[in-house]
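Here come two complexes built around chain A, the first alongside chain B, the second alongside chain C.
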Partner chain A sequence: MDSLLEVKGLYKYLDGRSVLGACSFSLAPGHITGLLGPNGAGKSTLLRTIAGLWRPDGGEISLHGRPITRQDRPKVAYMADHTLLPRELTVHQAIRWYRDLFPDLDLDRFRAVSGNLPEGEPVSRLSKGQAERLDLSLLLARDAEVYLLDEPLGGVDPVERAKILSAAAGVMEEHNALLMATHLVHDIEPILDDVLFLRAGHVVLSASAEELRQREGLSVEEKYMEVFGGGSR
Partner chain B sequence: MKGLWNSAKWEIAESGLLNGRTLILLGLWLIYAWKAATGWNGSGVPLLLSFHLVTFAVLAVYRGLKWPFTGAFDLERTSDRPAWQSVLGRTLAWTVVIAVGAAPQQVFFRLCLDRMRDVWLRIYFDGAERVARLEGWIGWEPFLVITAAGTAAYVLSLAVTLWCRSGRFRHRATIANAAVWLFAVVVLGYLILRTIPLSVTIPACILICLLVSTWLLVRKVE
Partner chain C sequence: MQFSNSVPIYLQVMEDMKREMVTGGLPAGSRVESVRTLAARYGINLNTMQRVCAELEREGLLETRRGVGSFVTGDWERLSALREEMAQTLVAHYLKGMAGLGFSRLEAAERLSGEEEDGGQSAGSQRAL
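And then the complex of A and B:
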């Protein structure tokens, strides 16, 4: 299968220290990939670099086999681990602000995921769960090809978490891909097609979740514990 | 061009200038300044009458320092809006705001000039100089110079902040770093360029800072 997004030999240095070292992997269309690894593994740096927020120090990131240009950037939708929306604006204004930036936003799809958000409240006064729901609804309502989600499940209750995962799975079509960084391996395992294990900026495993289960007889969580925890659960 | 308009529109909304409470404060100060312009004679009156201008100029510099550190800045970088539209849209917005702040100052100075001339010449030994200074602030030329100087202050703060955010240690940069660098650039610029007329330095500062900001945004920050 042709890859949608391909990362080849990606390097990133911060403070003279290598944060990403020769990262190479690809995302297949129609697949949800879990970006898994311990704290400080470089997950957020990798997502920020793919989104175009940080310039890579080496390597290539390509979409449909071509380097990502400025015009291609909206095809890669990025959600950070904290809200990037202007905190001074009300929720209603923030939605309009986002729509001005990304005119492909589908408001019906947004309403379907967002549920009841207090639209008159400033973004700064939203709870962590509400802010994440707002961010995720806006992100998934875009007509992007690649969705990058950085810790979308942190700080939300199990019910909210289930809703987020269901919304993420619901947006997937044949032509797009989703890369989600998280620590909560157990929670995202049911929706994962592929996994990407990152340790100290290096990809230590890139495999299909189903293949792991069949070939090694391990769940993704068990494999995660084996690779990062020093043994199987 | 839509990006230009959207950048300007949302910059003003994000600055908080259009909030109800801010508008009430600015409106009340307008009434207060009107009262001062038509009845008071103290030497501090001109500063009091410049409140809107000073407030808007300080806010513009603060926004120039703050914007590159906001999440909104990051999110905008993931869109296809060209860097020049982001920079120019914001600059035009602050030019308009500063012009709006300079307009009441002009009106109030005109209102109080005759009375000040009458009173200051009698009560101050340097009354004539004071009146001449006040007169020097009135008219189209001073209005344009003040507006352009405010715009220059904004683009300078933006250029310095983007420069801080584009170096090797960009991920460590903070608003405080940028503010210190801005202060250093202003002091150094004053020492080096003070002999050059403002009619040259202000337009040159605006043009250079606009180009530098756009270049930094395209080549270094993104």
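And then the complex of A and C:
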């Protein structure tokens, strides 16, 4: 399958310490990939480097087979693990503010993921879950090709989270790829096409979720336990 | 729908839709929702749902009419054959389980006829939402 985004031999050092070492993998168009690994494995660093916030110290990132350039950046949408919306704005104003930054915002997509949010409330008064939902919906409403999510919806209860993620999966198009770092393997398992296991800055597994189940009879969660240890869950 | 962990999800969803087809939730000839809607309802990704529909089509249970949508087959024989297949799978599963406990086929059969009408036959009623 043609890859949308390809990462080849990516290296990243932070404070003289190697955080990513020879990371290679690719994201297929139309696929949702889970980036899994213990704390400190380098998940956030990997996402930030792909997003262009950090410069790689080695290796190559390409989009549609060509090295990614500054002009490509709008095609890569990145969501940090904390909100960047001005907290004093109301939800309604925050949406407009975001739309000024990204004029191609698709409001239908936004609403499909956001559901009902209290539009008159200031962002600062939203619950943690609502704020995360707002962030995620805005990001996915952008007309990007690659979406990078760092620990989305950590503050949302499991039932709601499953609902929102399934709505998120629903707005993905065939030319989109989504890569999300998460600890919540169990909850998101049904919406993942592929998984990427990261350990100490190295990709230790890159596989299709259904193939894991079919070939090894293991869920992603079970495979995770097998690879990273930790015994019973 | 709650998924079992280690069986491919597409197989589990296929199983669920087949059960709907033989029990009337998805009647013969009826229109099936779009892949996108189904994916959202099952809480799975689009590609998996696409695979489910493609496989059901391959098995002659779904028919796609270009530009119109997908429909459950109107072929009653196909659907009753499906019901038969599903029953056979259950029976084989039961017999295998009983054999594993050391019961003969005859004993397994006697067990069944001795079973109370409404007792002990909650055949794993997992259904979509």
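Here is the rule we use: the second predicted complex is superposed on the first by the 229 of 233 C-alpha atoms of A that agree within 3 Å, B and C clash if a C-alpha of one lies under 4 Å from a C-alpha of the other, contacts with A are read in each partner's own complex, and residues count from 1 in each chain.
Heads up, the rule we're going with is that a residue touches a chain if its C-beta (ideal position, glycine included) is under 8 Å from a C-beta of that chain, and two chains touch if they have at least 3 such contacts.
In this text the structure is predicted, and so the values were computed from the model without any measurement.
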Partner chain in contact with A:206 - chain B first, chain C second, else both or neither: neither
Touching partner for A:166 - first (chain B), second (chain C), both, neither: second
Partner chain(s) touched by A:86 [first = chain B, second = chain C, both, neither]: first
First, second, both or neither for A:3, with chain B first and chain C second: neither
First (chain B), second (chain C), both or neither touched by A:78: first
Touching partner for A:101 - first (chain B), second (chain C), both, neither: first
Touched partner set for A:52, first chain B, second chain C, both or neither: first
Touched partner set for A:18, first chain B, second chain C, both or neither: neither
Shared chain A contacts, counted only where both chain B and chain C touch the same residue: none
Chain B contact footprint on chain A (complex, rising order): 14-15, 51-53, 55, 70-74, 76-78, 80, 82-89, 93, 97-98, 100-102
Chain B - residues contacting chain A, complex: 2, 6, 9-10, 13-16, 70-72, 74-82, 169, 171-172, 222
Contact footprint of chain C on chain A as seen in their complex: 30-32, 162-163, 165-167, 169-170, 172, 189-193, 209-210, 213-214, 217-219, 221-222
For the chain C and chain A complex, residues of the former touching the latter: 3, 5-10, 36, 39-40, 42-48, 51
